[in-house]
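Each of the two complexes below includes chain A, the first together with chain B, the second together with chain C.
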Partner chain A sequence: MLYIKCPHCGMRSQNEFSYGGDATIKRPELGKEISDQDWDNFVYNRKSLRGKHWELWQHISGCRQWIKVERDTATHEIFKTLKANEEISL
Partner chain B sequence: MQKYSFFSLVKNALSNHENWDLAWKDPTPKKEYEVVIIGGGGHGLATAYYLAKEHNITNVAIIEKGWIGGGNVGRNTTIIRSNYMHDDNGLFSEFGMDLWRRMSQDLNYNVMFSPRGIINLAHSDAQMNTYARRGNSMRLNGIDAVLLNREEVKEIIPMADFSENVRFPIYGGLMQPSAGTARHDAVAWGYARQADDMGVDIIQNCEVIGFDVSAGKINGVRTSRGDIKAKKIGLCVAGSTNILAEKLNMTLPIETHLLQACVSEPVKPVLDKVVTFGAGHFYISQSDKGEMVMGGDLDGYNSYAQRGNLPTLQHVLTEGIAMMPFLSKLKMLRTWGGIMDMSMDGSPIIDKTHIEGLYLNCGWCYGGFKATPASGWTFAHTIAQDRVHELNSGYSLNRFNTGHLLDEKGLGTKTWIS
Partner chain C sequence: MTQSFRLESGGLINRDKKISFKFNGKNYFGYEGDTLASALIANGVHLIGRSFKYHRPRGFFGAGVDEPYAIVQLYRNGETEPNIKATEQELFEGLEAKSVNCWPSVNFDVGAINNFLKIFLPAGFYYKTFMWPKSFWYKIYEPFIRKAAGLGTASIKHDKERYEHKYEYCDLLITGSGPSGLASAYSAAKNGAKVILAEDKSRFGGTLLTSDVNIGNQSGKEWADSIVSELKEMSNVTVKNRSQVFGYYDHNMLVMSERISDHLPETKKYHPKQRLWYIRAKEVLISSGSIERPIVFGNNDTPGVMLSSAAKEYMKVYGVLVGKKPLVFTNNDSGYETAIEFKKNGVDPIILDTRKEPHSEIIEEAKNMNIDIKNSYVVVAAQGYKKVKSADIAKISDDKEELGSVENIKCDCICVSGFWTPTIHLASQSGNKTKFNEEIDAFVPGTSKQNEKTLGAANGIYTLEETLKDSFEKGNQLSKEITNIDNKVSFPNVVEKKSTVHDKFWCVPLPKGKNYKRFLDFQNDVAVSDIEIALKEGYRSIEHVKRYTTLGMATDQGKTSNLNGLQLVSKIENKVVPAVGHTTFRPPYSPVSIGAIVGREVGKHSKPTRKSPMHSWHEKNNAVFVDAGVWLRPRYYKRGDENLFEASKREAKNVRTNVGVCDVTTLGKIDIKGPDAAELLNRVYTNAWLKLPVGKARYGVMLREDGIVMDDGTTTRISEDHYHMTTTTAQAANVLSHLEYYLQLVWPDLNVNVVSTTEQWAGAAIAGPKSREVLKKLFPNSDVTNEGLPFMGYMEGDLFGVKAKIFRISFSGELAYEVNVESDYGYFMWEKIIEVGEEFGIQPYGTEALSTLRIEMGHVAGSELDGRTIPYDNSLEGLISKKKDFIGKRSLSRKAFAAEDRQKIVGVVPLDKKTSIPEGSHLVKDSNAPLPNPKLGYISASCWSVEHDNPFSLAILKDGKNMIGEKLFVMSPLKNKIIPVEIVSSHYVDPKGERVRS
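This part shows the complex of A and B:
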């Protein structure tokens, strides 16, 4: 069982959360002309790192906020959690 | 090589089975090979076998970080089927079914292929319609499919829950009678033994550290046991695909996820089919030892851990008990996890890459084991001829870019959508 510290609600069990994937992916700016490759990178291509990985989770059975979580994909250790609007410092 | 037969068994029994040949050797890596296959799982071993058998390319090495049979080929739930709707998936898998039917003879190794049939249960009228459509598509591609009504399903699997007041009543099901299971370890060992016999070097405990790429061309691979030159390199590393892609500066439409499976304590024969629950994601069969072999959803977050968490297991087994209530009486014998190369549309990739001489085989999601022979056969063709075969032309890497997705069930990385 993972325990995730929601920045809004505190430590909660994994059962309350739903996963949202890589948190470092940024949607291309609206109205900006982009290539198919840029779009491909945004929609499909993922690094899927082994080790520290910033990812999105939603506290779906709690405050329903999206949050950012830094977790190790090999050990499942969670290092840090941020609110959705807080920038990741890599 | 000693052929396995009744006579060789008797002969070796007389010498207390002390004089059998090694099934495969333990060679030191050479400086150069014509083809290097990275990954000694089912797909890698099958690729090497078909390179030697179909294309007479025997100057081949398989390099494997761990040991033969220690990865997903030894961790799956052994289901073999070709019950797909889309032509690309159906024709590819049915080609594989033919290879499965001949495999024990081909490899001179009993892979215990058991075509016992698979039933996908339907729990609504709409689902019955969908299954009728999929069944028709299958039959058009020459794959056997039978649509069963509730009574017919009850005949075959009376232990499922057919009571009136259930959340997901069984309306019927789609059966592929020729589907089944096989002994997964035997598949790996059988391919390894034959590939080794034809001259392929199987190099275990050899980890890839990096690649030698210059001017858009692959020249070799750097490993924990020294540099190995090769004109052609095939990547067949399933859950480690992203790790190697990073060393090649490639970003792929693949995420690495954790999938669990489990077996119960052995019980007397009760279930002679593979059955899947249609209102969730749960599948079950009974092994020859009597264990109920079960699996279902991904844990749902990126992971390289090769071990699972209990919430997903609880969720999956809840579905199992909803489908077959007697399962609640069984004790769990073992649970384990494997890491899956989940592609974004749920279908695999067998293709060339932008690097000359580098070939990619990945994205097998939940269905890698059954694809072992067809994947090896088509990947060997792709490597040997430097072009994709008709059978794997739909499994291209650039389909995500062009929009030609193969979204059979939409079961990619985003399990919450399904």
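This part shows the complex of A and C:
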């Protein structure tokens, strides 16, 4: 079970969190024209990375904040966690 | 029975307390402190079971967790448990155990025919033989194998024992209480660190209980006892026996199973049987010691052949002799310690040492005691079927290839020592890259991945002095870094006998003309010849060899067999052992009961049960409940001997003709506040929200980004910046997360807060043509006329002194209201509704009537919003705003979603107006078409229409919009039904929606 540092609450066990997928995906702006291809990329297409990966988790049984977590998908090592409003520096 | 193999004195057992027990129906006695194994051996019982594949007789091989043979079916307090190791099971009064793998009895076993047919049971036998014909597998092979094999029978009764889970955090977790565990725990504890010391066995001390050493001015055992009692007194230390750390998981989380009651005749009141600890440790010190490994020789599985360390443990801990004419077969000094112990207890052992001229302190001592020592000697084969009767022994050449002439000597046990294998399971599980240590011929932990360090014998350090020194230091150092306290413990003086190097000999060659089975894996009956066959057949990877031969795949996970298997593969393949590599160690280290893993989350506790504040009223009024997610909801209220169908029909009918009341507390409720609340709703819902006036409710549908309907519900504008959203019961949690996602990550500029208020409000839906009359009585001071509170209107009211929210919304399609009060007043509200509604014929209705009402109205619910449908499919396209963008809108223009013949919701009525349509049935054009019959759609929900008094269903049907009036067939292969039906509009009742506005 992972041990995740919630930027708001501190170190907490994985079972307090729910997973939210790739944190680098940006939702297209509302009301803007977008091609089928770009929309599909936003909705469906994800890389299944081996290695470092920025992903979203929600501290669902805690502060309910969505957070960004940089985790190695192969080793589960967690390098960094950020608040929702903090930018990822890739 | 007399305990003819019990020594006159000695051991750590309590000879004042006799304990009676039963094995295979026979009564025996042992003492308090015995294991089932030690008590049986004391009684001269060596035949305990049959082997897995060949059903060869099985005795005891070890004295603890490494035991591959002595697995029994245990009976305790009216319960039975399979897979219990007799070497681990502590004796208690009334214990009963039976052999497994034997039929009809351990002494006469039909399956033993496999032993004589063993030529037909080589490696991969099951794969090869039981493959064809395929049809034979389920009917003949599998039942046969199941009956003949297996390690006992799991009980099918409900387990009445309680198992608990516990979460714990500590600075240092130390796994094992041998010298390294005690030393490191002690120095860490002295530095004020929070320490958990876990010992698998009932006694602390590990090898200190059996070895002849002195620490300071105490014996090893005395030292262990004094350290343990001091640790137990310290508030920063948790000391646990009967507790095995069996798994090392990510981020330094380890799991330990504590066997609290297994050693007692029955579990004490309020005690659990076992407790599973999830321990998050800052540092882990693995002090799990080592396991003696066997030397492989002919018939080395005969009862009476056992590890020499086990023989010593039986003498020193239990005061039991494993034999009276022992042969010790060793390649290192450990065998001598066992022989010396025999001699001290008045038994004359013979030592066969594979080494030519070894010299050491221990060997000198054995010689001085006049023990018969034969150098360059090996056991070629054990003789005897149910117990060792003699041994064929021979001299072996210096290159260990040639055997001299074989002689037979009488003996009743063969104690084997092939040196020691560090127990690296936990280190390996943690991701440690283990490495091969040539000196000890075994793998030891290498580079750590997590915060783990391995101490003492588990790390390949086999002298006490070095072990203690290293462990004191590691414990001190690691704890110091955490606590910043440095209370160094002075290192005690250690007296131990020095030993000399071992001989890397592990397998005795076969004498000419003999074809003895030489076993590697004792639990799975894997012999040298099986590995040879696997390699001959082309298996190379050790992982493949393992699976093909099942080497190391039994419940003991090859604790005594892995290394010898590797030695064999490396020898045949002409590779060094590290090049062959070992197979992956996986948790659990040793079997853990399913009960402990499940914990208390069984039966009705498998998930939380949520109840509305009106629950007890429902109970009192004969409600029959149904699980709705984690909620318990009344399904119907039983009157007399009504069944579900009759009751729900009555309740639904009463809503259509009079008035009914339904507990809708379970609906998800989300409070939304902030200046941008309207904008949020406008982006989340498909329809327009900016112009909803205060005091009005609106129905809305929300989508996922992929265009699929996520949820629906009404949201009410309470005041300028304040909304009350309702969701379906099932989606409540997801919708909240969904809103939080967009507010926190996508549109953080929106100034809105959301919070769940599901539990804060109790809700009652009052529905039916007479509902307004009820409302008037409930709120005499409010204007609830059609003008004062129009359809989709909202007002606050005073319900006999309780503040209430009144929504004029309808799920049933009738004139209806929903009244919410704070949860604590829910019961009061409900009673008042029933009371004032009596004169109008009010009846409570459950979820079944609720479904009937919504289905015949064509209102969609979970069975249509099933994560596969878009708004159009549910005839909700009218709610899609063309003017604004919203979550998921772009997806709706995808090709498939805009197809002309897109599926759509329709109504379905059987032509005979009688036959009920099973939910989940398929709709087809031609019921006689060849299979696969093209499926046009499926029945999503069915009811008995109370309005029309005939069955009615909703279906999602291809090209539904053009199918009204068509005749199709409903097919339910599961229920074996074919029903001719007509497709009608999904709005079967009041299609114009006049009633809700009346």
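Just so it is clear, the second predicted complex is superposed on the first by the 90 of 90 C-alpha atoms of A that agree within 3 Å, B and C clash if a C-alpha of one lies under 4 Å from a C-alpha of the other, contacts with A are read in each partner's own complex, and residues count from 1 in each chain.
Criterion: a contact is a pair of C-beta atoms (placed from the backbone, for glycine too) under 8 Å apart; a residue touches a chain by one contact, two chains touch by 3 or more.
Please read all numbers here as calculations on a predicted model, not as lab measurements.
Student: In the superposed arrangement, does A:76 touch chain B (first), chain C (second), both or neither?
Tutor: Touch status of A:76: both partners.
Student: Considering only the touch criterion stated at the top, classify A:47 as touching first (chain B), second (chain C), both, or neither.
Tutor: In the superposed model, A:47 contacts chain B only, not chain C.
Student: Just to be sure I read the superposition right, which of the two partners does A:27 touch: chain B = first, chain C = second, or both, or neither?
Tutor: Touch partner of A:27: chain C, not chain B.
Student: In the superposed arrangement, does A:66 touch chain B (first), chain C (second), both or neither?
Tutor: It touches chain C, and chain B stays clear.
Student: For A:3, decide between first (touching chain B), second (touching chain C), both and neither.
Tutor: Only chain C; A:3 stays clear of chain B.
Student: With the two structures laid over each other on chain A, which partner does A:19 touch: chain B (first), chain C (second), both, or neither?
Tutor: Touch partner of A:19: chain B, not chain C.
Student: Check the residue A:56 against both partner chains and state whether it touches chain B (first), chain C (second), both, or neither.
Tutor: A:56 contacts chain C only, not chain B.
Student: Based on the superposed arrangement, let me know which partner A:36 touches: chain B (first), chain C (second), both, or neither?
Tutor: Once the two structures are laid over each other on A, A:36 reaches both partners.
Student: Could you list which residues of chain A make contact with chain B in one structure and with chain C in the other?
Tutor: On chain A, the overlap between the chain B and chain C contacts is residues 1-2, 13, 18, 36, 43-44, 75-76.
Student: For the complex, which residues does chain A have touching chain B?
Tutor: Interface residues on the chain A side: 1-2, 13-15, 18-19, 21-22, 36-37, 40-41, 43-50, 53, 55, 71, 73-76.
Student: Can you list the residues on chain A that touch chain C in the complex?
Tutor: 1-3, 13, 18, 20, 27-28, 30-31, 34, 36, 39, 42-44, 56, 58, 60, 64-66, 75-76, 78, 84-85
Student: Under the definition above, what is the set of chain C residues touching chain A in their complex?
Tutor: Residue positions touching the partner: 167, 249-253, 278, 280, 431, 449, 683, 705-706, 737, 740-741, 744-746, 748, 884-886, 890-891, 894.
Student: Please name which positions on chain B make contact with chain A in the complex.
Tutor: Residue positions touching the partner: 242-243, 246, 251-256, 300-305, 309-311, 344, 400-401, 413-414, 416.
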